[in-house]
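Both of the next two complexes hold subunit A, though its partner changes from subunit B to subunit C.
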Partner chain A sequence: MSAETLSAPPGRSTSRWTSLPSLWRQTPLSFRIGLIVLVIHLLVAVTGPFWAPYGFSQMGTGRPLSGMSRVHPFGVDQLGRDIFSRVVHGSHIVILLSLSGTFLGLVVGAVLGLFSGYVGGWIDEIIQRFLEALISIPFLVLALIAIAAAGPELSGNPVLIVLVVALVYAPRIARMARSVAVDIATRDHVTVARLRGESAWSVMRRELLPNATSVLLVEFALRAGYAPVLIGSLGFLGFGLRPPTPEWGLMISENRALIIVTPITVLGPGLALASLVVGLNLFTEGLARILGRTVKLGVQ
Partner chain B sequence: MIDAEPVISVEGLSVSYRQGAGFLRVVEDVSFAVAPGEVFGLVGESGCGKSTIALQMLGYRPPAMRTDAGAIKFEGRDLLDLDRAGLDRVRGARIAFVPQNPTTALNPGIRVGDQIDEILAAHGAGDSRVRVARTLDLFGLVGLPAKLDFLRRYPHQLSGGQQQRVCIAMALACDPAFVVLDEPTTGLDVTTQEQIVALLIDLRARLRMSMLYVTHDLGLLSQIADRVGVMYAGRMVEIAPTAELFTDPKHPYTRGLVGSIPRIEDRSGLPARPLRGLLQRHELPKGCPFAPRCDWATQECFEVRQELEPAGAAREVACWRWPEISVPPDARAVSQAPEIDHAETLLAIDNVSVIYGSGRNAFVALRDISLDIGKGETFALVGESGSGKSTLARAVAGLIAPAEGTIGLSGKPLTGLVRNRTPEERRLIQFVFQNPDASLNPRARIAKALSRPLEFFFGRSSEANVQAALADVRLDGKYAARFPDELSGGERQRVAIARGLVAEPSLLLCDEILSALDVSVQASILALLQRLKIERGIAMLFISHDLAVVRMLADRVCVLFRGDIMEIGRRDEVFSAPFHPYTHSLLEAVPTPLKPHPQRGASVEAAGTPSATGCAYAGRCAWQIGEICETERPPWRETGEGLRIRCHHSLEELTRRATWPNEPPTDTQDRRAMQ
Partner chain C sequence: MTIFKLVIRRSLMSVVTLLLVSLIIFSMLEVLPGDVASRILGRDATPETLEQLRTELGLDKPAPVRYLTWLGGLVTGDMGQSLVSSRPVEEILAPRIFNTVLLSAYAFLIYLPLTIIPALLQALNRDRSVDHAFSVVTLVLLSVPDFLLATILLLAFVVMLPLLPAISLVDQSSSAWEYLRAMTLPALTLAIVMAVYAVRMLRDNLIEVLDSDYIRMAELKGLSRRRVLLRHALPNALVPTLNVTALNLAYLVGGVVVVEKVFSYPGFGSLLVDSLQLRDLPVIEATVMISAFVYVVANLIADVAAILLNPRLRTG
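Entry: the complex of A and B
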C-alpha cells in the first residue's frame, strides 16, 4: 500500500479571533453590560484617589448632615467628611480585598477539589466530609467564627479579611472542582497518563486543570460577585476593617443611625456596593453563557 | 420489483445546515425511490449526509436544518409540505423509525410494554386490553418472550440485542408501510448483530414492508438490501442492485469502498485498493466531489458536475468516465506480513484470573488464562463483548491486579498494579484505547500530547521528535499545532498510536482501536499497523471483535468466551477446521459480501448462565454433548501444529462438524439467477 501522508486541512484556530468588534457583537447582552459596569468600577478604583474632591478622612468639608448637594453628591457625614470622596477612595480596597480573597479561595479550593476527585477512595471521603461540615455553617457565621478565633490583635487586619473570604469560598469551589475531576478522571487520556506513571500532581496540572478552567473561571467570577457583600457585611457588623478606613460596609454601618435624616449617606455606599455586585453577576452570567455553562445566580 | 409504484420517493432533495452565519449544503439533489417490499440500503462514510436523508424521510426538521429543494412523495403527499399535525398522523403509523442506539432511544424510566402502548394509544389502536394483546403479538414477532411480566421490565433489565428488538417492535406497532433504520446494529457485537439482521430479513419476508437501511457497513447491506445507494459528500454517486454493486462497482468511490472491506475469506492480506485520503468538505471541487481522492480523475472531473446517468439495467452512476474505468484496477496490494517465528517470549501470562468485586458479588472476569506473546508478534484476542478481552489487556497494563497468576515481561515478573512498576516496565508496554475522542486531552495540542511521553521517559523532547512521531503515523507536521477537536476520528487514532510509539515500547496493547472508525479509515489504519509491524518489530496484543481484521493482521489468535480460552493457535489454524464450536459460530456470524443469507427465523437470544465447573460455552453451544459440558471442564485438544481447542468433542468430530467457510458462488450468472 502506498505510504500516504495525510495533509493537514486548514484548522479553525487560525481564524478564531479575527475581528474584535464582531466578537463583541456575538457576546450576550448581560456580558456586555456587566463588563461596562466592571470597567467603570475598576477605572474609579485605579484613578479615584487622584481626582476625588476630598481626602477620605478629611473633616470639615461641609456642614455635617447637610444632605445631597452639587458639591457633596452623597452628602456629608457627622464628622463633616464627604461621603462621595470616601466611596471613591474605598473602591480599590473593596475590589482588591474581594478579588484577592476569592482568588486565594479558588487556588486552595481547586487544588483540594481536583486532588480529592482524582485520588478518590477514603482520602476523598475524608476531604469531602470535612468540606461539607464547613459548608453547612452559614457563611457569615463561619466568617465570624474565624475572626473570633484569630483573636483581637488581628482584628481589622486586611490580610485576615482576605483569609476569611478564602476560607468561606474554598470549600464551595472545591466541591465544584471535585465534580469536574471525578468526571475527567475516568477518561482515557487520564488513564494514559496514569499508565505512564505520572504523579497525581502532574495529572492534575496537565490533564485535569486545563479541562476544568471554564468551570473554575465561572466559579471565580460568581464568588467574586458576592465577596463585596461578605466584606461589607463584616464591616457593617464591626468585624471587618477599622474606622476610618473608607470601606463601604463600614460606612453604611457608621451612618445607619442617620438614615432618617440624610438617607443618601447610606444609599451612596450602598449604591456603589450594589452596582459592583450586579455588574459582576451580569458579567459572570454572560461569561458562563459564552463558555456554554449554566449557573444559578442567587444568594449563596 | 422496481417497476412497481414506489412506496416512497425522494425527488431532487437538497438540505442545508446552519453553520455560523451561513448555511452549509449537506445533501445535494438526491433522488431515489423505494419499491413495495424492497430494502434500500444507503451507505457512505460519516458526514456524507445519509442520516440527514433518513431524518428528512421521517419529516424530522431540526431548527438548524433547512430544506432547499425537492420533495418526498409518500402515499400521494409530500412529506415536506405536511404540518406538525399531519406529520403526527403519518409518523409512527405509516412511517416508523428504528434508531442506532436502543439504550438511549428507550426511556429508562418507563417499562418497555408501556413504551409500545404509548405509540398504540397515540394512533388510536383500541382499548388497553386490545393494546396489551397487540404488544404481546409484537414481542412474539420480534423474538422476545411474549409474556406479561416481560412487558413490565425496564430497559436496563434487557440486553442490548433485546432492547433493539423492543425498538423494532415499537416501529412495527402500527403496521407501517415504510421503516427507516438508522445504523440499527452498529452498537451491537457480531453475534447479536447477526441475530438482528436475521430478524429483519425474516420480518421483511413476512410483513412485506419497505425499508431504508442506513449504515456505513457495506458488508452488512449485502445480506439484507435489495438495492444500494452510495452517497459521497451529500450526493448520490451510484445506485445498483446489491449483488452487482459488490461484483461490479462502477463508480471509483464504490470501488474503493468495496475494496476496503476486510474479507474474511480473502487470504491475500490487505484490500486490493483501499481508498486514500478523507472526505474534506471544505475543499470540495465544484465538479465531482470525489475527484481529489479519485485515481482516475482528470482535470475536467474537477470542473464538470457529475449527474446520475443510467449504466446498464436498473443501475445509475454519477461518473462520466465509468465505461472507461470498468476494467479492474491494478492491484496495489501488499502481501500479508510473513508469520514470525517467535523464538523468544516477550510477554508470558501464567494462570491469570481476574475477579471483580468480592464475596457474593464476585464476578470472575478471567478464569485461569495462560498464553504467551513472542517478540514482534501480533497476537489477537477475539470474543464478544463481556468475554474478558479488555480485562486481559488492562491486567497486562497494570490497571487491574490479577487475583491469581503472574504476568511476566521478558522473563521478569511484573507487579500487579502500574504504580508499583518501574518506569522502564511502564515504557515498554503502551496502551491504545478504543475511542480516540476520549484518549486525547481536548485542551492539549497534538505536539504536547506527543512530547509529554518523550519528556517523561527520556527527559528530552524536541520539535523534531514530534515531527518524526507524526511522520511515523503518516500525518503532516502541521497537525502538531492542532487541538484534538480539529482532527477527524481516524486522525486522532493515528495520534494516539503515535503517542504509544514515541515511548519505543516492545508491546502495544490495542483495545478495539478500529471499531469507532469508518471502514475506509479502518483500512488505512490497518495498513499503518501492518507497516509498523514489519518496520518496527513491535509486538501487539490486538483486541478486536472483527474477525476479518484479525485475519489480516494477526500472527496468532486466541478466542475468549466469558473469561475462558476456547481456542488458541496460529492464525491459519484457528481460521480453518477443526473449530471450537464458539469460533465456528463467530465465523458464521461475520457479515461478508455475498455470503448466502443466514436461513434462520427469529430466535430468542440464548441466555444461559455459565457454570462454574463446566465449559463456559455450555448452554449456548450448538454442538453440546450433554450433561458433561455443564459439569466437567473440557480438556485441551491439541493438533500437531500447535492449535489448542478446549472442548469435549474430539478433534475429528470438530473437523467433521465444521461447515465454514460457506464459499460464495463464484460465477456472477449464478448469483443473478439466485436473486
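Entry: the complex of A and C
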C-alpha cells in the first residue's frame, strides 16, 4: 500500500501523512483489523509447510478421533491425521487458488468490460447480453456445470478450479468495468486521445484503465473475499479438489459425519475459512472507504 | 404508456437472456468437450455401448438440430428422459420443486422477523453498543459459508440440543408435522444467510428515514414512538430493501444446492448435485434452466418494482 493511494481521499491534507505509524492510524479500523488478519493468514500460508507439526497426509499422528489436546489443537481425524497440520498445509492452497482465480477473472473481466463500454453500439449490446446470461446462472450452479463440462479427466485439477473461479467472476467484474468505461468514454481526454488516432486498445490502457483502478481494486478485494467460500463449497460438495488435498471445505465435508464425536475437526477448518473471509471482508470495506467508494459486502 | 413500454422492453430483455442461457448451457454440456456418450459411460465404455447410447440420445444429428429440439421441448414442457431412471424429467422434477418451494417459503417466513427485528434494534440504538454488537455479528455471519453455518446449526440443534432431525428425508407420505421438523434447520440456515445481507441494508435505510423531517413531524404531533416507528418509518425503509429481497431470492436458487445437500433434503438443489454426480444430462440441463429462470424472473420483478416505485424512472 503506497502513500499515493492512501492520500487519495478528498478533504484530507497530504501533510498529515508524514510517517508510517501516523499513516497507519489514519486508516479505518476495519482496514487495520482486516490487514492484520490477512497478514497472519499469509504468514501461515508461506511459512506453515516448514513448521507444521505433521505432514498433511501423515497418518497415525495420534489416536483417531481423540479430540482437542495440546499436541492436536484441532483434533485427529478418522485416519489419524492431525487436523491442525492439515489446516496449516491447506492455507497456501486456498489462498493461492483464490487469488489467482480472482486475478484471472479480474484481467478478463476488466478487458472485456472496458472494451465493451468504450466501443459501445451493437458490439457492446451483444457482449452485455452474454455477460447478463452468464450472471443469470447462480454462481455455484455455473461453477458446477463448468466442472461437469470439463469432464472426469480434469476434475480435481487445481487449474480447473482457478478457471472456474475466473469464469464465475469475470462477467460480474466486466459489468462493473463497463459502467466505469461508459462514464469516462465521453470525457474530453478520451475524445482527444481518440481524435489523435489512438487505437481502442491504447485508449483503454492509457485513458480508461487508470481511471478504473480504484473500482477494479475494490472489485478484486471483494471477489477475492468470496473465492475461498466458492472453492470450499465446491470441495464440500465433492466437485472441487480431491482428497487427500487439505482444502478446508473438503476437510469440513470429510469430518462432518463424525461431528458428534469430535466437533473440533469440523470447527477447526471452519474457523480458518471464516477468519480468512472475515479478514478479507474487513480489508475490503476499509479499502473501499480509503478510496472513497462504498461497497456492498456479500452481494453477488 | 411509457412505463408500460419500459416494462415490456425489460421483459423482452429477460427472454433474450434466457435464450442465451439455454445456448450457453447446451454448448457447455453437449457441444464443447468432445463426446457426451463417452462422458456418460466413463472409462468402462465399449464401442458398441457408445454407438447405442449415441443413437438413443440422438447424437447422430448435428448440434444445431439437437439444440432446437431441446429448446422446443423446454418451451412445451417436454424435457426429455432421465438417462439413469428412464423416467420423464418433469416427473422427477415436480416433487423436488414442490419441496424446494415449500422450504423457500418457510425460509422467507423466518427471514422477515430475522431481518426486521435486529435492524430496528440497531437503528433505535444507533452507535450504541447494541448497534455495534449486531454489526460485528452480521459481519462475521456474512463471512461464514452456508455449508459451515448449516454444519454448526446441525451441531447445535441435533447434537447438543437434540430437538430436530439431522437428516431431512421427507416424501409424499410425510405428515405436515414431519415436514415442518425436517425443514426447520435448512430453512433456518437459508434465512440467516439471507437476513445477514438485508439487516445491514435495512439498518442504514431506517437510520436515514428516522432522521428525516416527516418522522420529526410525526413525533412532534405527539404520536406514540411505536406508531411512528411501525407506521411511518418502517414501510419507507423497507422499499429499498425490496431489491435485496429479490437478490436474496436469486441467492436462494444457488443456496438450496448446498443447504439441501447438507441436510439430505430431497429438493431441487440436491437433485442437481445428484444428477451431476450421475452425469444425468437431461436432468442437469432442466434444473440449471429452471434455476436461471427463477433468477431472471426475480431480477425482472425487482427492476419492474423499482420502475413502478420510482417516479423519476417513469419518464426514462
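Rule of thumb we're sticking to: the second predicted complex is superposed on the first by the 281 of 300 C-alpha atoms of A that agree within 3 Å, B and C clash if a C-alpha of one lies under 4 Å from a C-alpha of the other, contacts with A are read in each partner's own complex, and residues count from 1 in each chain.
In the analysis below, a residue touches a chain if its C-beta (ideal position, glycine included) is under 8 Å from a C-beta of that chain, and two chains touch if they have at least 3 such contacts.
All values reported here derive from a predicted model rather than from experimental measurement.
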item	value
Touching partner for A:Q26 - first (subunit B), second (subunit C), both, neither	neither
Subunit A residues touched - subunit C or subunit B, whichever exceeds	C
Which of subunit B and subunit C A:R187 touches, first, second, both or neither	first
Partner chain(s) touched by A:N281 [first = subunit B, second = subunit C, both, neither]	second
Parts of subunit A lying in touch with subunit B, wherever the complex brings them together	1-13, 187-189, 191-192, 194-198, 206-207, 210-211, 213
Subunit B residues within the subunit A interface of the complex	270, 274, 276-278, 280, 282-283, 332-334, 397-399, 418-419, 421, 423, 426, 429-431, 433, 435, 438-444, 452-453, 456-457, 471, 474-476, 478-479, 481-483, 486, 491, 494, 499, 503, 524, 527, 530-531
Contacting residues of subunit A [partner subunit C, same complex]	129-130, 132-134, 136-141, 144-146, 148-152, 225, 229, 232-233, 236-239, 249, 252-253, 256, 259-260, 263, 266-267, 270, 273-274, 277-278, 280-282, 296-300
Subunit C residues within the subunit A interface of the complex	13, 16-18, 20-21, 23-25, 28-29, 32-34, 39, 42-43, 139-140, 142-148, 151-152, 154-155, 159, 196-197, 200-201, 244, 247, 250-251, 253-254, 257-258, 261, 272-273, 276-277, 279, 284, 288, 291-292, 295-296, 299
